[in-house]
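The structure under discussion appears below in the form of structure tokens.
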Amino acid sequence: MTIRKCAAQPPTPQTVSEAHRRLKERSPLVHCLTNRVTINVVANTLLAIGAAPVMADHPQEAADVARQAGAVLVNQGTPSDHQIEAMHRAIAATGEVGVPWVLDPVGAGALTLRRHWAEELLAHRPTLLRGNAAEVIALGGQAEGGGRGVDSARASAEARDAARRLLARCGGVAVSGVQDRLVARADNDGRACPLELRLDGGSAWQARMTGSGCALGAIAAAYAAVCDDVVGAMLAAHVHAAAAAERAEAHAAGPGSFAVAWLDALADPALDLAGFAEQRLVTEWLAGD
Amino acid sequence: MTIRKCAAQPPTPQTVSEAHRRLKERSPLVHCLTNRVTINVVANTLLAIGAAPVMADHPQEAADVARQAGAVLVNQGTPSDHQIEAMHRAIAATGEVGVPWVLDPVGAGALTLRRHWAEELLAHRPTLLRGNAAEVIALGGQAEGGGRGVDSARASAEARDAARRLLARCGGVAVSGVQDRLVARADNDGRACPLELRLDGGSAWQARMTGSGCALGAIAAAYAAVCDDVVGAMLAAHVHAAAAAERAEAHAAGPGSFAVAWLDALADPALDLAGFAEQRLVTEWLAGD
Amino acid sequence: MTIRKCAAQPPTPQTVSEAHRRLKERSPLVHCLTNRVTINVVANTLLAIGAAPVMADHPQEAADVARQAGAVLVNQGTPSDHQIEAMHRAIAATGEVGVPWVLDPVGAGALTLRRHWAEELLAHRPTLLRGNAAEVIALGGQAEGGGRGVDSARASAEARDAARRLLARCGGVAVSGVQDRLVARADNDGRACPLELRLDGGSAWQARMTGSGCALGAIAAAYAAVCDDVVGAMLAAHVHAAAAAERAEAHAAGPGSFAVAWLDALADPALDLAGFAEQRLVTEWLAGD
């Protein structure tokens, strides 16, 4: 069972800067089984934030590598049958050794086969699920995801109920978008109650750069490796990505220079994550079960 | 049958800016079955020009995705047997629903197996074929392509006859190079006659950046999704790429910064495509059949 | 048998600038069978230094392409069973026609299956082996590589004996790291004696950019295509990479802009390789057999 404990209480801006400090200190090994389109971006993102990526998806070595890792990322952007087999083996290994794993259900919002794959992966209870609104809606049980290819035609607010429902199948749900919505459980007067964190900010260029979503999944995996609770890991990841995106936008003349400046900003050890969270984070308890 | 109608008359600079306007407005979904080397560049290029890439080449989903797309790109840069099967399924689906598709026969100019693959794909009559001179010469029936690896040792002028001949097997042929040559049919006093558009310009850095050719194939697919005629789509794509390359060169200190600046320029909604075409386009009727 | 002759005498700074001149003049075709993570970086690196990359790893064409190439790169970063088969076919072809080949044993320092693959490839006697300290130690016969994922926890100095031992199985060993150590044989008073070249310099950003090691393997293959001796090729490659990295660091605000500036610097035909080698190269005879 790989789902970690819920937060004792909702995370704060200080929780975020503390997680950032631990990430830089420990440099966790993040095992990625991810897609061909953005595999280079994912590796560079992990190196930029101070983690150590290892991309190993041969079925014969996936379990071995997962056992050595601080966290595992499973991103179904372009799977082959062999890679899917490797994903299942890696996930089984995380269960044996208690390593957290992140599911990024790319394309589940619009493409039938992707939804099928994502459902099979979800059955193994990821530590956290990160997707766009269409993907979360498609998996959370509504009839139609509202995706278009691998993109979402829906805002994150529309995925709120689906995310809430998915808490029965994973430790936390991050719905990335113009506004990020992070749903998990935290202690509320002795009961583990559903909680939503909303985060504004980031840059419109993120949607014009391939891999910004995949990179977020990887950042979330890196933070899951150094955080005890799911909600803290999700928040630190989304704050880190969004704060870096805002800084990058100031240096960008288009999506090409944005991607470069984003990596630079992600790597800045002095990026002020607590200050960003202070201004942009809204925390709200959701209706209980 | 997926070949679209020939142009009623040769395209003009205004046709190009009109196509650009439609591309930004409709943001077509472009389904790419493409190579591992430049898949990230292809996705970023499509996002930069305002299209929506979806990379899906599992044989089980290729047809489903192709049916949802505005256009399909088939690039044989690094195929596996599974990917080739997915290509054939996607192509069959385009035929059922009338979606245009672009063939990029990477390596057919020098490598035996690539020429074989390209011939099999060509048999399904692509809407347009985009390649370098060596590839077009190899497929247009001459004995030797004159390729070296995936590069061409020939100028586009040498591919003129081969391109002319290939019109029997596809809707239009784009020979990219220092000078681009676009061959298709247009109405000439009531007869569909072969026509050549020549375009100068671009940047020498394009040849020093991997994926500039693959990106051109993707841009052509995006324009094919929003243009009724093949020749207009080919022209808009090559003007867009070349105008952006010229602007990028002014900001580049080498191939690394060129690639970044090219994406920035491709994404500029105000890039003056009509003005570029006005200066650089030469249109010529070819000898009839 | 593809191992080329040892150097008649140790290479000098002038040997390096002479190799650079030949590389720009001949633009060798470099056949790469390499990993998905950094395949784009490898291709761009080869284009930047003036070589012509061709990425072809279908088992049916690997031998055909290798026979046409000036050198072959085998990088086991993310192999499938099909790619491994293609690697073995390409290597067999190099033996038939006398083309040099480079082995990059990615991950052999920490991952069991990678060490197994690397041992099988090594059995075919690469012209040169390029890896990090952990990989070289793991293959050179010590018990533990000291790797962590695909990274090394060891300094290149610790790999000295292992590199020395590996000379029995390949023409030369390059241990890349903060300090590069290049081990091969050269003529010492009529006997082919082991020699170590040490090179300081480069940039700490190289370790924060995915593919800097893979790119070094590709640069080494390109120089092997234009150099008669292994040690000269290894030295030219490491000097070229390190000199470009130092220049790039001066333009970099982080790992994103470093990667861009590195490609720009690699492509500068006037990059002063002899001057860099003059300042940073230390040559030492090792104890004989």
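For clarity, chains are labelled A, B and C in written order, and residue numbers in each chain start from 1.
By our rule, a residue touches a chain if its C-beta (ideal position, glycine included) is under 8 Å from a C-beta of that chain, and two chains touch if they have at least 3 such contacts.
The structure presented is a predicted model; accordingly, all values stated were derived computationally and were not measured.
At the subunit A-subunit B interface, residue numbers used by both copies make up under half of all numbers present, so the two copies contact each other through mostly different positions. Superposition on CA atoms relates subunit A and subunit C by a rotation of 120 degrees, given as a multiple of 5. With centres taken as mean Cα positions, subunit B sits 35 Å from subunit A. Multi-chain contact residues of subunit B (touching two or more other chains): 36, 40, 259-260. Across the complex, subunit B meets subunit A through its residues 29, 31, 36, 39-40, 43-44, 47-48, 52-58, 60-61, 64-65, 68-69, 82, 259-268.
Subunit C makes touch with subunit A in their complex at residues 35-38, 40-41, 77-80, 107, 110-114, 148-151, 207-211, 252-257, 259-260.
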